[in-house]
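Have a look at the structure below before the remarks.
Note that the chains take the letters A, B and C in the order they are written out, and that residue 1 is the start of every chain.
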């Protein structure tokens, strides 16, 4: 198992993964998702073409932790027509045009009255905002400030052909069973409508990774969870209170398709293994990585890190949410994400999984003085060869610190050397009998 | 008790306090104080018009820890007269002119001989220095270098009409009794003569604070101690060796009336609650705060932090002692201090008391996931409203960290949010039943 | 014993030591040393004129930890002659010209064939490199790139008149017996040929220090070890596996004669007493000191810090190895080192020994409040006298922290005051009965 470090990473992050993820994001993009309803189910259908899913439906009104599952929302159409009967705002063209979870309405009114129900972004006048009203029943539309400014006074017809009715909340899971019942949770929110980075990208990455892992034997079991934000995570936790303690490590994935960042937000604990792995990996793989401390706002890491669970789940993103101009607007579209960025995001997550899988403590079997590497063919003559030098140093660090108290990640951190090289060299030393598992 | 956080702070720091403190400092300023004698007693008389005091007299010759209470010093007059009989140096004009604790003298001598007994500040030629000679009996005068330079050669008469005789050392205390016998010590030195910042300001602040606290019910008992520097603190400690262990927190106040700093000097321990409270509060309340580590020199924090007591007593000042040009000179006069600076110093001390009173640990009663704040009317829609955003974040931080191991100050520090806002929001959450005391 | 702090330092670091060390380095310089052979023995002869040595010979083929003692190498002569019979490369002129441990050879060949056996430094064309081949049998020469470029094509004769034969590996030790069997290890490698800084300088410093220590009574025993690099340290450890645990502190000395640095490389543990002592001392004694964390490459600290021994042995140098252009070239000659640099290096090491000898914990016998220093003649009036001020502060720090948990070095670190002043003032306080050993 041990000598498969690079195999593992390469198996998880296949060369054509970027294009495949972009294609899935493209399919997911047009669907009008929300925290409940058929948009979620249709999205899970697309994901299920790649990986088997177990779906869970939780009925409206169910008590989930401190919350109640709301009425199910579905929508057929929505528009604003002018006096001439022309659609000046059309849900069919962009599902962001409707206030997500909008109550149904069919009414004629003046522009002034209508404006009470219209949301724009005056400082980004060309973008349609993404707005929701899950727990306060109201109706509304979103449009660009420019388009609003172009509307003449007069009477308009506002129609939201939606339903808010008893139904259920849907989430889907894929469990990859490893050697241990201990789990790694990987999750992405499935509730946002046509926002490419936030989170068609995360859904696509999760599906690709789950698919790539299927043939592999892993140390941990891996739970891939596709659930609506907040209420979905809360519902999952409510239904899995006892099992949640199996989750030893985890990552929330959102906004993984743009070219910014990368950003890693630590767990509440701050020095969990996933925190150390991500910090180490991003530092070595990216010129500038943004590692931020936990704060109780953002995505579902809020729920997993709540004091009743304290699961060690971090958040991985490229650009940090709410810091890029396209965030929660119509500019977060398929042009904003790229296959290459999805690929490098997948690489980072794959590398983190490699750390979780391969980190362990060894014992140097020749701990008194340095063992003579030369006669074992392990010591490259140090010349102009930078790779040989790095390998030699990695081996010396591993031998020096492998006293049973330092894991490979500990060594990689202290030696300021990529984990992959440390793990590779540990494999070579183990083959020669110089290391034995602690 | 809990919802009175702002009440507490506002009760301690009344809007007209600055003027009242300045007025008391003005009354205290002309008195010639020293480590013993009637100057201390007259100063306590003025303070006693505001708050009841218990006075303690300890006789000359009494053994106090490693020290002995010295002879009592009193002075009626002092001057240098020139050959024409004119007073060229006059204690009646400024009591700094006499070497504090000067032995009596009445002698005629040449200017050259007289100069052996005259102290000046050549680098600040317009200022009279403040000098003392408590434990080595000698006589002397202090004057400005300019005035000395203007004296013509000739014979002069030097008179110090003082007494050094068995008497006693005086200090005064005011004890505010709270719910617990555990005490907070607040103290200011009462031994310096006409120096406004050092320490008429500290005495005035202490009297104002003690008076403002009188109607309040507090968690701790508060001991307000007006004592001479070094020997006074040592005498108090000698007489209260057993009771001193009741002191859980404390502040020495000196130089609190100028516009510099603020400066906080940590306790010997360095991370005591008072250290953390002051560091947190000054960072949030002032653009630039100077927080320095403990060192065994300065004011009476030296004595309280000695290894035989290790009381957690810090030092609060505006400009740090010995760093401002007016320090220990005649320029530390009533023009150097301002009512507004006294007011903001009082605010800082009041805020620290609010932390001591209100800091506690809570338990989140809905710890699994986030509780739904919206249905409890606790969650403001996040819009342009910065205050609402800050409140929401404060509530999320409190809920996330209230697992019984984090106090409100811990949370304020980690959230980088003012303690007052954290305490206020904790009150709101407690009202809704989402928090219960740990 | 305690009041001898300055005595101790001055006894170890005598005023004429620099010249004496330079003279010994000059004698050692011409000898062709290697990891075995008569060069080591002749070097020990020179050192033995200063201090008694115990020599140990370990036969070729002996198993030492993971290694085997190699064949002994000796060399009588080596040269390259041109067709005219002139020596164009001559070991008699500079012993760096031969590949250290070169197998014997006597052959004629073309310049092109000869070049396969010649090492140069193309980027430092005027310097002869220092190269070795201990564990791979081959023959070779080292020369400057300029000299090689000047050789015309033609036939050359290459002669290395060396022997590789069963013999032994030699090291020498001097043990200074102190009050305790606990040892401080001071060691320098004796295997490099004509390189002045690396390590004639280290050998000379070690001999001078051992000699200076002879009349002194010390707390610890001191082991001065002159051994070949790597295989010598490994041989010593192999022969002293049980006794090695007596070594409580140690320093490897190399490159101590140039004007760079100083450099201190920490032990694997990182906060050993020797680490703290060296960091403290270098910070106070040099404008810029380079203190680097341990890494498992360099000199014999690699062996002593291996996980099977974990001895707290650091490395002291002036310029850090491999960072100065003269390193491992013919430019590391007697012009590169200076008596004054040897002297200041000796000062640093002597100061470190003073810390090891004198660091201890005391108890303040008057811990309640400050003791009255004035009546004991310990308190200088603070005036313009900077030395008195520093002494007063040192005494106040010692009294404040001497509660049995802080050693003098702890106090020196916290007070940011040179250890020597702290130790001196502790002596004064102890004389007056204010301190007693903890």
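In this section, a contact is a pair of C-beta atoms (placed from the backbone, for glycine too) under 8 Å apart; a residue touches a chain by one contact, two chains touch by 3 or more.
Note that the structure is predicted; figures quoted are calculated from it, not measured.
Enquirer: Chain A-chain B contact: same residues or different, taking over half shared as same?
Expert: Different: when the shared numbers are divided by all numbers used, the fraction is under half.
Enquirer: Give me the rotation angle that lays the C-alpha atoms of chain A onto its copy chain C, rounded to the nearest 5 degrees.
Expert: Result for this pair is 120 degrees.
Enquirer: Approximately how many whole Å separate the CA-defined centres of chain A and chain B?
Expert: Computed from C-alpha means, the inter-chain centre distance equals 54 Å.
Enquirer: Among all residues of chain A, which ones touch two or more of the remaining chains?
Expert: Residue numbers touching two or more other chains: none in chain A.
Enquirer: Under the definition above, what is the set of chain C residues touching chain A in their complex?
Expert: 65-67, 135-136, 230, 233-234, 237-238, 241, 268, 295-297, 302-303, 305-310
Enquirer: With touch defined as at the start, can you tell me which chain A residues reach chain C in the complex?
Expert: It is residues 364, 366-372, 374-375, 393, 396-397, 399-403, 415 of chain A that touch chain C.
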